[in-house]
Amino acid sequence: MSIQTASIQTSETPLGRDDLARLVARDIKPGSFVNLGIGQPTLVSNYLQPEQNITLHTENGMLGMGPEATGDQIDGDLINAGKIPVTELPGASYFHHADSFAIMRGGHLDICVLGAFQVSATGDLANWHTGAPDAIPAVGGAMDLATGAKDVFVMMTLLTRDGASKIVEACTYPLTGVGCVTRVYTDKAVFLTGPDGVTVRETFGCTLEELQALVPVPLTAAPAVEP
Amino acid sequence: MSIQTASIQTSETPLGRDDLARLVARDIKPGSFVNLGIGQPTLVSNYLQPEQNITLHTENGMLGMGPEATGDQIDGDLINAGKIPVTELPGASYFHHADSFAIMRGGHLDICVLGAFQVSATGDLANWHTGAPDAIPAVGGAMDLATGAKDVFVMMTLLTRDGASKIVEACTYPLTGVGCVTRVYTDKAVFLTGPDGVTVRETFGCTLEELQALVPVPLTAAPAVEP
Amino acid sequence: MLNFIDTVGEAVAGIKDGSTVMIGGFGNAGQPFELIDALMDCGARELTVVNNNAGQGDQGLALLIKEGRVKKMICSFPRQSDSWHFDAKYKAGEIELELVPQGNLAERIRAAGAGIGGFFTPTGYGTMLAEGKETRILDGRGQVFETPIHADVALIKALKADGVGNLVYRKTARNFGPIMAAAAKHTVAQVSEIVPTGGLDPEVIVTPGIYVNSIVKVA
Amino acid sequence: MLNFIDTVGEAVAGIKDGSTVMIGGFGNAGQPFELIDALMDCGARELTVVNNNAGQGDQGLALLIKEGRVKKMICSFPRQSDSWHFDAKYKAGEIELELVPQGNLAERIRAAGAGIGGFFTPTGYGTMLAEGKETRILDGRGQVFETPIHADVALIKALKADGVGNLVYRKTARNFGPIMAAAAKHTVAQVSEIVPTGGLDPEVIVTPGIYVNSIVKVA
């Protein structure tokens, strides 16, 4: 999928949603505790390998969440944060909402993976509100997830339908969290974000120069130490 | 024990510790959730009647505590706040320390019964520290109990060994809680305390006038509505 | 005092106009549907309702909102694909909304039950949901001051109760039940089963009976 | 990462001079005696120890204090009939004491694990234990601002662990274990039994394995 020899790794084509999910799954360190947000991030669970020994948290009160339930497995009392019936793995545990968000807010989750409208050069996240004056706001657990996990990975397309970069100098949409995003997985590249700006770990179907032409913040190649 | 016909009830003699414990036990409303402090208040448990249906809380993590354990009942994992082995009644539950003190601080206990060095006319409590400069301070759950319960009953002798009243205009010992005590059970009388001062519900072996001579705050007879 | 009550109607009969009512559940899991229906029937108005959402479809909380019985919603996620009754009331300016991040909602409810007067949380710092709120840097992070959410009544669903009101829940249906039971002055639990006192292991009780006032068995 | 460790010595080997160490237990119930003895043997000095008490008799924490290994105690009840080692050190000015009401101690530990930056509590308001602390009237009551107590290491005792580190406790031995496990960067649990993963009912787990780093079985 990607050429492993350069400090900027490339694939010949942009990544589809499933390939991106596979890449995120591969990057999660064995033994991690992870929360996968609603939507695209949920796809990551399809590509986690048993030997990675990943424990999934769902903020409605469970650690050790298994795959989506099918057929007779479906149980209305066992759902994920997206209200989808799921299953329970051996070693699972249940707890109430305050205890569940204590796990998150207390910094005990290694990674959460979220979708986004925009990510700023310094890792600010906007993913809950379009800012439209007539929109009905709904935040759910987005701010808690953005604030609580040790690492916040974002999965999104790099460009809006109108061709604008979702990686921006400063978010114009209302913020979800400040300086919280550490990595951004997009169809065209994987970006590392932090207080010192944005570096590029891999590109997909484009060069760093081509990518820079799309993104309005300075990009540099990431050191090759990343997994 | 006491003559029930006057608004000030009297007995012929001062009450001993057990009689006082029996009186407190009788005054606890059926169905109450109660915490009995270490020392003299623990005696109250000996006089609670099964038909009162009282649930005892111990702040080290239990509701539904039973009597002191004896013989084979003794289990090092089942102790009360005084670190005495106790027993478990049907309907008991266990919880951790933060949940236990949440029960207390959240105002869910109906009554706690505490010992005291001093109680002020407005219900301030001093029961944890003599104020001696070389004393090693130790507070335990005293402040939490004083602050948390809906009603705080104090059990103590009215006078110190030196003959000074422990009911005072203002506490000279360091405070445990401010304005928290609602009743004071002593060997010589039962006092009701609150923002409007001290009233006397019963006397034991003395008249109200004799009692007033011992206590440096104005005393009046309590209305006869108390149980 | 604990009472075992025969019908959901009697269980909610004391709810007055203007009450703050917490309703348990996340999605359908843990939602006390029968108690919500009874609340609809009892006629109380001008309610402030605390729930994670603001009603879905044409049932339960959504109907309460449709009928104009809810003055204010305190919730984290009102907008859903089928929250049309809330959406309509909100756009018409006929319902107030206090939007709270889900973890802050849970912690504020917990704080009420635990007698905590307020707390600082990093969640929401630097966002529009912190606007107008006190902030402070603590432990090296920006934090927002949040206050407890108390309620007059909590309506929750549990799996089993024993004779002294101890409750256990089932899987992710536990969600808001335990913290709402502690935060409300009066807690009504609908349960699937009532077992004799002593029939629940003291080690596994999630909500001690001290937090429960009324229990009604719902088939 | 979770590790199953063969000896208590190895389990505490990483504790460094100057660490803040939480030690579970209330009275003897829930005290991880073997881990405390191992902490004694490992030689770490200048420790800040968080425990409800400050050692009793001539064992465990009392010995650590006697040997001058504890710089500071954070506790609610240091003075007991047999706390002679603490008493002597305290009177000699050789140990610091931060005295905290027991419920504030528990809540501050819980706050650390839950990522709460600080909170207001009515407990201690108007007393000398609130001197110098910020106060505020909230919910009509005077309240004191208290901050979280974090730790480098927690040493706790549980009844059983499963293969992913989930813990259950026994009776009042639960006490501080669950909140200390969450508040420390590294939690070591001594347990009486290790069962296969799946051997503990998910409904009854008190401490999820996410809070546990090292497990050692003590006979």
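By written order: A, B, C and D. Residues from 1 in each chain.
Keep in mind that, in the parts below, contacts are C-beta pairs under 8 Å (C-beta built on N, C-alpha and C of every residue); 3 or more make two chains touch, one makes a residue touch a chain.
Just so we're clear, the structure is a prediction, and the values are computed from it rather than from any experiment.
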| item | value |
| --- | --- |
| Co-neighbours of subunit D and subunit B - touch as defined | C |
| Between subunit C and subunit D, centroid-to-centroid distance (C-alpha), Å | 33 |
| Subunit A and subunit B: spacing of chain centres that average the CA atoms, whole Å | 56 |
| Inter-centroid spacing, subunit C versus subunit B (mean Cα positions, whole Å) | 35 |
| Two or more partner chains touched - positions in subunit A | 62, 88, 94-95, 98, 101-102, 104-105, 148 |
| Subunit C, residues touching no fewer than two other chains | 107, 110, 114-116, 121-122, 169-171, 202-203 |
| Which pairs of chains touch, using the document's own definition | A-C, A-D, B-C, B-D, C-D |
| For the subunit D and subunit A complex, residues of the former touching the latter | 1-2, 110, 112-116, 162-164, 166, 182, 197-198, 202-203, 205, 208-211 |
| Touching residues (chain side subunit D, partner subunit B) in the complex | 26-30, 76-80, 83, 86-87, 90-91, 97, 99-107, 109-110, 121-129, 142, 169-179, 206 |
| In the complex with subunit C, residue positions of subunit A that touch it | 58-62, 75-80, 83, 88, 94-98, 100-102, 104-105, 124, 129, 134-144, 147-148, 174-178 |
| Subunit D residues within the subunit C interface of the complex | 107, 111, 114-122, 136, 138-139, 141, 143, 147-148, 168-171, 201-204 |
| In the complex with subunit C, residue positions of subunit B that touch it | 31, 33, 55, 57, 62-64, 88, 90-95, 98, 101-109, 148 |
